[in-house]
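Each of the next two complexes has chain A plus one more chain, namely chain B in the first and chain C in the second.
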Partner chain A sequence: MATYVLRRAVTSVGLLVLSSMLIFVVLRLIPGDPTVLKLGGSGTDVDPRAFEALRHELGLDRSLAYQYVHWIDGILHWDFGLSYFSQYPVTTLITDRAGATFQLALVSLLLGLLIAVPAATLGAVWRNRVFDSLLSGGTALGMATPSFVTGIVLIVIFGVKLDLLPTQGYVPFGEDPVESVKTVLLPAVTLAVAIAAPIVLILRSSLDDVASAPYIRTAQGKGLLRRRIVLGHLLPNATIPTLTMVGVIVGDLLGGTVIVEYVFARPGLGSLMVDAVYQRDYEVLQALVLLAAAAFIVTSFIVDLLYGVLDPRLRVRGQEA
Partner chain B sequence: MHRFDRRLRVAMLALAASALTFGSIGASSSDGALNASTGTTVQAQTCKQQGALRYGLAGGGVNNLDPAISNLANRVVIMPLLYPSLTKLRQDGTVVPDLATKWRHSADLKTWWFYLKRNIRYADGRQFDADDVVANVLRNLDPKVGSGARRFINDIRSVRAITKYQVRFKLGSPSAILPDALYLVKMVDVSDVSRLATQGNGPGPYKVARYVPNNTLTLVPNPFYFGPKPCLRSITIIAQPDTTSMVTAFRSRKLDMIWQFPATAVSAIQGTRDAVIIKPRTVSTAHVLEVDTTSPPFDNPVARRALSYAMNRTAMVRAAFLGEAQASVANSPISVTSPAYNKKLPKHTFNLNRARQLFTQAGIKPGTKFTYWAQAGKRPEWITNGQILQQDLRKIGINLEIEQADPATWVAKFNPSPKKFPNLIVATFLSLQPAPALGLSAALKGCDCNWGLVPGTPYPRYYSMVLQSLGVPDPAKRQGLYDRLQSMFNQESPFMVIAHQSNLVAAHKSVNGAWEDPSGNMHLESARIVP
Partner chain C sequence: MTEVAAMELPRSGGRRGETILRLLRRPAGAIAALIVVLIVVGVLAAPVLAPHSPTEFDYERLFAGPSWDHPFGTDELGRDLLSRVLHGGRTSLWIAALATLISMVSGAVWGFVAAFRSGWVGEMMMRAVDVTLGMPVILIGLVLVAAFGSSILSLVLILGFLFAPATARLARSAILSELESDYYLAATSVGAPPWRIIFGELLPNTVPVLLARASIVAAAAIFVEASLSFLGLGVQPPAASWGTLLQIGYASLYSSYWYSIFPGVVIVVTVLALNTLGNSLQYALDPSRR
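Entry: the complex of A and B
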């Protein structure tokens, strides 16, 4: 097991280094120059000396290799540089915004799982009944509807028409718990719908597969209660394929739920990323993309480890290999 | 009694004479503000600080607190609240003293003296004096800083603190409008420039309380402000993802005020109970089309005039701006609402036959393709204008392809100067200054066309006339020069003015005292919320 963990850890670090190189080069291939934007938007009559001075100040006049090494050196010292525009340290910008994203990610994941797991389980239990048909339709609708559409519908109903919930902003939980929950609710439901739909789809199909397994028939033959069969045998064994999907979702959420944060004007990592893209704020952008890549790599690493914990067969197979 | 009257008259005459000597004496901070709901003037008054104003900005929000390097939203929304200047604009576009009490100039208009108020302090309590003015002016003049104000003040040859409260400027050539130009030099705490972008310390009515870049900026009253105490407890500027959600938030009262909403939302705003649109009395800012005047085919003024004749400005104003703009049918950088507008200019009235004839004369044949270059998502009116132009050009055999890009890609196509962008028609917005000479100087360097680089253009003559107009104190003579400059602009068309329009601003009627000056700066210094 230790060898397996070590091998996966080394692979993850390698992937992270490769990602950092890719991110660094690709961002600089996008047309647009942050110095032009910084010196006056449409850049009317800006003295070329101002451009040169700014490029020098930002280190953009150095070779790409030098800039990359400088960036990595900074990261190793937990220094992601300064935003070209706001002049804030990138670490400050990220830590300031991480709360809004993490809260949204956590609440929406919990809500998504709370919707998906019972729904898929009940669908499997009540197979071919009305609920199952409704679930299939709902899942298809959830998969097909883009998050921003769900978000706008929720804003119009609960924010504008009923005026029940705020449609914008973020209040830290420690500052005002009630307001904090109110501000997270609509974006979290929006994301939860998007999260629940694929989980239901995979979990539902996995439950069907497991339901026809010999050990389930044995359990039924032994006369075990249906609740015990479902909770004790059916659900744990059907969870493993779903775990991969949950891993991808968690990585995505931690990287910043760009569209939903933008629709709800939530000051999280997603909206920070959008602004950084618009402004070509390389320092902020490359730190965020690296963070998103790291979130994916770490999550998939954890998921791999969880496979072993949840399914002894995989653990044994890993040891044999 | 008679003797008293005579004395009074003599005293009044002396006051008037000194006012004339000093060029201008203004009632600096009590010139009043517009009531959003009634359009009447609210005099500055003492008030209880109450109400928190929520102010929506569409797009990226506030990305920097340094006024020398700031985007349009920062410049016109935030800066008047944090950083005053020696002078300030009134609603009619004229300047009055702000941090200064008065000014005077030499007979040749090449030396100016500005006298400062004595009770000015930065938000951190530090005294503001003549040395701060000198440091700020020098900083704006430094080409490496890249200040947008530089091109309006770059004729300043020296600036010196004569006393703690008196500053002397020496200019290279005469200027009657130095106070107009100095309005653009915002006074900041230059003693620690490194903290300026993040913390912003100025002598304005408000100071920074909380700032999340590109997201929210909360301002609270500056306890050291020299003017009347602000009436609002706080102003929070909240970045909005886009104009649609901003308008929705405003209509559902989650925002008290919104800046730069699209013209397409005018009817929705007008249909919102207790909402009003705040408009400046006159407008100097303009939506324009720019072309590369250094490369064929638009290095030829005939081609530019052809394009100008192909622009159906009336239809554009009706469809894109829903009537909320003044079409510039004679293609002048001066708005038709300005007293400096030359009413005798030949009109570039929409005329496709004339456009075809001029295009042919300039060697542009049917089948030629141009690209209309606009920003994606931010200015829907630019796309509408492009579609109208596209349809009309098609009728005379010219193809116009409309392309949109994010702001960074958009600007990279034609900047930094001198960059060639032949066959590109760039839709953009120019923040022209209300002082006509400053607005007219946009033709020289304010656009990205580098008009002056093209051999054979009347650039030197135009340039010398702009300089000349700065040094003419007689308004009638100055107007004569403005008229000639506009005629040259009309003939040469270095860029095509579609219409003059300010940024559209709406507020709920509970917001009193907010007003917009002709160059689009929002003034909330005297704003308050009436329950």
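Entry: the complex of A and C
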């Protein structure tokens, strides 16, 4: 088990370093110079002395390798550099906005599971009924609906027509719990719908696989209550293969927050990223992409460990390889 | 996102006519195919079908709701929205079609080469695919837009690049399963030249699988282009794709919600139809379901 954990940890760190290099290099391959944009020019009308001075100040005149090491060194000291655009420390920008994103992601994930798990389970239990076609129709619709369309529909219904819920902004939970929940409700439902569809799809096929397993038939033959078969045998066993797809779900969550925060004008990391793309603020952009990659890599690491704990067969195979 | 639809690899085989018949026998597939055809024809024939010119201003009627004259309402300059949606569809569909073509060709070549180079080269090629498949498409898309701008050309290239890795994986497993088939063994044992086997046997047998995949890629390309355009980072005004229209409509949601609802519905219907068509094709191609 220890070697399995170690091997996975080393791979994860390696992947993280690799992706940090990739992000850094890709953002520096870009035609055009962020400093020119910052000096308000289009390349030809910028004072060359001011240009050189700014490049020096930002460290852009050093070699790529130096800049990279400098960047990583800063990150290890929890310093992501300064925003090219606003001059604020990137670390501050990120910590200020992390709360809005974290709350949204957490509530959406819970809501999404709350929709998806019962829906997929009912779909697997009530075979070939109206519910089944409703479920696959709903899943297909959910997969085809961009979250900004869902968001706009919800804003029109609950904001414009009924005027029931706020359609933009973010209130920290610690400040005003009631307002906080009210502002997160519409964005979270929007994102939950988007992530529920793939979860239903994955869980459903996994449930179908498990349902035809011999031990389920044995349980039925023993005359076990259907409720006990479903909750005690079917669901737990179907969850294990679904775990491998957690990476996909985390990816959907990360990508989804970008759109949903924009739709509901939530000051989170997703909207910070959109702003950074608009302003060509590479210092902010590279920090955010690195964080997304890190979130992704860390989750798959944890999932791999959980997988090893839940499925002993894998532990053994991990040692042999 | 739409990439999740677990791509079960169907073995190709049977005559083309049979496959199309099997596709049409499933109502969902037949309806999806009909809708795709209607949308493509409608959008291509936009200059004939559109009731108004998409650039004709009417300052008497700004942000009008749906009416007989303007079924989708009018926009901030009084332009007819139905005509704008039909013409905007040309931008959306062209970008999606070219991006699909690029991702299919480059992905297929990548996958084929990886399948034939079974050593460490193939291994490395597939590892590269795995790494890019990990990150959410929209995040990579945003970074690439930041890097290469959002002209129509760079959008086509970016989207083409985004969907190539998944195609490569599919193409590789499609070829690998063909390499195990009896006809491949027969062809190699009678000493047929490799180019004949590749272009005469292997490629034609994997084309149906790749076509089913292309339908799903096109759906994903429309989806992601609309997302980028909605964020204001895709197709830029005065050019307008469905996503661009939706973004402008979103800005005036409280004065005219019709504006953004119709382009939104068109995006959803198109993506849904293309996804369903792709899935039905895969289903129809799968011999185990016969």
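Throughout what follows, the second predicted complex is superposed on the first by the 301 of 321 C-alpha atoms of A that agree within 3 Å, B and C clash if a C-alpha of one lies under 4 Å from a C-alpha of the other, contacts with A are read in each partner's own complex, and residues count from 1 in each chain.
Methods note: a contact is a pair of C-beta atoms (placed from the backbone, for glycine too) under 8 Å apart; a residue touches a chain by one contact, two chains touch by 3 or more.
Predicted model, so just to flag it, every value in this text is computed and none were measured.
In the superposition on chain A, A:Pro267 makes contact with chain B only, not with chain C. Of the two partner chains placed by the overlay, only chain C lies in contact with A:Leu141; chain B stays clear of it.
By the touch criterion defined above, A:Gln168 reaches chain B but does not reach chain C.
Contact with both chain B and chain C is seen for A:Tyr278 once the two complexes are overlaid on the shared chain. When the two complexes are overlaid on their common chain A, residue A:Val160 makes contact with chain B and with chain C alike. Legend: residue contacts after superposition of the two complexes on their common chain; A:Asp96 is shown touching chain B, with no touch to chain C.
Of the two partner chains placed by superposition, A:Ser212 touches none, neither chain B nor chain C. Touch criterion met: A:Leu254 reaches chain C, while chain B stays clear of it. Residues 30-31, 155-156, 159-160, 262-263, 277-278, 280 of chain A touch chain B in one complex and chain C in the other. Contact residues of chain A toward chain C in the complex are 15, 18-19, 23, 26-27, 29-31, 140-141, 143-146, 148-149, 152-153, 155-156, 159-160, 198, 201-202, 205, 245, 247-248, 251-252, 254-255, 258-259, 262-263, 273-274, 276-278, 280, 282, 285, 289, 292-293, 296, 300. Listed in rising order, the residues of chain C touching chain A in the complex are 1-6, 131, 134-139, 142-143, 145-148, 219, 223, 226-227, 230-233, 246, 250, 253-254, 257, 260-261, 264-265, 267-268, 271-272, 275-276.
Against chain A, in their complex, chain B makes its touches with residues 60-61, 63-64, 66, 69, 71-72, 143-146, 148, 150-151, 194, 197-198, 212-216, 238-241, 245, 248-249, 251-252, 254, 406-409, 411-413, 415-417, 428-430, 445-448.
Per the touch definition, chain A reaches chain B in the complex via residues 30-51, 53-54, 83, 85-88, 93, 96-97, 155-156, 159-160, 163, 166-169, 262-263, 265, 267, 271-272, 275, 277-280.
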